[in-house]
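What follows is a single structure, written as structure tokens, with notes after it.
Residue numbering begins at 1 within each chain, and the chains themselves are lettered A, B, C and D in the order written.
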């Protein structure tokens, strides 16, 4: 048996909170080699000098476009976890990739495999149940309610139900002076709990006469994103072009 | 060993939904004898004729006062599950009982032992946690949100916290345009889920940095009230005077 | 717009527990017509006389083969919920169907859509988490532990993990004299709770450092199988040949 | 209003994992003053020199007895979190305290208020439900199953049920070849889940026909013990003699 060469990985934003975790995670594997760590003030070309095959970007909305441009230019595949990538930038990236059909760029808003799976399962199940509601639970320092993930989950559920010709679930509530029924996002009720002792949790509840299905996701720390990052790093080279979201690299058949 | 005589029990409202269950439950025990079943159109005196020792009343707000009066007059202890007993009537009952210091009347708004225990536990724990929130979940035919039980639980929690000098839990929410944070009852957030497949459920969640405690109660059918009814029937004779609520007959030391 | 004719449905075992529910469920829809109800002692040909398009069989292992044979012979599509159909009988049915390429037979071991979805989700997720365990919870009258569903779920999880090259989850237990760690089915720990007040519930728990995913299914009564039966009835005519399991007619993309 | 002087607190084992947390917690309060931090190699008399009123001991089974002896001798109240205090040592401590009726020593096996409350609630509720089972869930590095807390909880439940004349819950299981029903501790079934992503969790489930009650406790980090430590420090001076367990200082009426 011929030994497979480890993939050569470089990290952009290597001294940030997420970048530090990524460096540690890559070093903890056998099939990946950490060959470049770049942060503010470092020379981008050190990525190329180290023969980086896959770059992971956890930097800043203001620099991420330049970084992606550089990687594509240097024939380096790219996994992007930096936030703030809008659809205009996605189009721009597609344009940059056109002359390089063998190159892959993966833009991933959420590396939590559990979060991605629960959203997908919730949307799949939503067309088979009369009722669906979301309870999201977070630490009390969060400024927004509901959470962005709950908002996105509600949208995905609403789309799936619309596709299946389903409207909102049954609800005879006529008296709710204090909004105990929570927010309604695209027809889906969303409840936000804020409590000391919690981190980030979400529960999608589905029900039909006689049965209920609950999909619950608990995220306790940043370490939980690393399996998703590694999965993206391992997949990007075999997925030419632009890919958005971790879901497409999960094997869900 | 001398055999203990079974207690002679009569049921008022014996053909109603709850009354029927009570008759069946009493017949299913060895220490209680069902000696009288009375409903609309029947003669109240059949209770006395059958030497009833304890009467159970599940009738109607319009007749319950007369029934209690009759039982006290005939020296029959009384367990009352009929709703609509206000504090004026409670005072009246106290007056009726004065000349009969050996007689007991027990008025019980909720015979669900699990519900009563969870409210009590929630209130006891509430003084030891920074945050408390309530999620109540019911079938979609319910007209009110939040449920009466959730409302009462929030009040009990708020009283316990006030006693302990605690204010509302920490909450940094600044943006909640759609009321995802639910109702606020006496400073306690209450969330109401309405879903096909559910019956009647309540979850009190308590949290402090590093730990959470959840007390969850699920009520699936009317049968769940019978242990509470039987407990009251067995206790009333040894509790002279007026007793309100099942809690006082639960042994909670 | 031309009105679509309702599908003509016949029920075999129409007076049994499940058959009765199926008749009621079919009558409650607009796109299905209940045209024949057949039970022990009735004439099978009444199905054909009523121009039945789809037959639903909830009879007995001893008669189900004859019933299927009859339906195929009469060009009636067939949904089979009767238990006891082994792989030999499945092969026989395939043989019967050969000369009738337009005809569909659907054999469904579990009509609970929630149960089918949770098993599938559990198997899909199992390849992305280090640990997976199953807790199944049932009423105390159940004779077997673990439940058949838990057993089957564990097998599906084990297959998915083997495909992904994963072994059993981490477990440092060295001292467990009383088997608190439960049963191990194909490398997956399965715990069985038996408790008054429960019906039929299953919880698949998956975990990786920093995050957990829980898929919980609660089945409260037989009514919960009807949406699955109706889905099968509506799908069978457009699925020629033999189909096993409800999963294949669920839209899970 | 006269300002109350802060209580002067000294910590023994101040550089250990728990001791460090205690020092930080005491410093974070206004009514307590951290006046002495003592660890291996330091002079015990520095406690007395600093006029310590309450000492907190998180040291080692081999030194804890000497430390307690010293504190009593120096008229310092004592809160002991060190493990390994058996009933013989408790008797010895009682002897030491005899000549000092005003002095308090509190020995606390578990400072988790949530854990203590859930055990107590479980035992109180256990006499009112037909069935009780425990599911404890921990990280996969734990060597023992079931956990000590689950073991103790089962014992408390069994005692409460014996007091109430209750035997084990109903269970028709006749076929359980692989021990899916878990361990049986004093008649109570205990199930142990070991999973990556978990920390320390316990769920007591109680059920009667038609209703269930679940008491769930989740402990995520050591910080969760600090409220219990502070509660003990604040209470010990007003509780002369030996007190065992945090429960006695919780206000649970």
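In this section, contacts are C-beta pairs under 8 Å (C-beta built on N, C-alpha and C of every residue); 3 or more make two chains touch, one makes a residue touch a chain.
The structure displayed is predicted, hence computed values, not measured ones.
*Asks:* Any idea if subunit A and subunit B meet via the same residues, over half in common, or different ones?
*Replies:* same
*Asks:* Considering C-D alongside B-D, which chain pair is linked by more C-beta pairs in contact?
*Replies:* C-D
*Asks:* State the chain with the largest centre-to-centre distance from subunit B, centres being mean CA positions.
*Replies:* Between subunit B and every other chain, the largest centroid distance is to A.
*Asks:* Please compute the C-alpha centroid of subunit B, do the same for subunit C, then give the distance between them in whole Å.
*Replies:* Distance between chain centres: 41 Å.
*Asks:* Starting from the mean Cα coordinates of subunit C and subunit D, work out the distance between those two points in Å.
*Replies:* Spacing between the chain centres: roughly 47 Å.
*Asks:* Give, as an integer number of Å, the spacing between the C-alpha centres of subunit D and subunit B.
*Replies:* 33
*Asks:* Multi-chain contacts only, two chains or more: what residues does subunit C have there?
*Replies:* Each of 129, 197, 206, 208-212, 218, 220, 224 in subunit C touches at least two other chains.
*Asks:* How are the chains arranged in terms of who touches whom: line, ring, star, complete or other?
*Replies:* Its topology is that of a complete graph.
*Asks:* For the complex, which residues does subunit B have touching subunit D?
*Replies:* 112-115, 117-118, 121, 124-125, 127-129, 164, 206, 208-225, 227, 250-252
*Asks:* Inside the complex, what are the residues of subunit C that reach subunit B?
*Replies:* Per the touch definition, subunit C meets subunit B at residues 197, 199, 218, 220, 224.
*Asks:* Using the touch definition from the top, list the residues of subunit A that touch subunit B in their complex.
*Replies:* Residue list for subunit A touching subunit B: 129-133, 135, 137, 140-146, 150, 169-176, 178-185, 189-198, 205-212.
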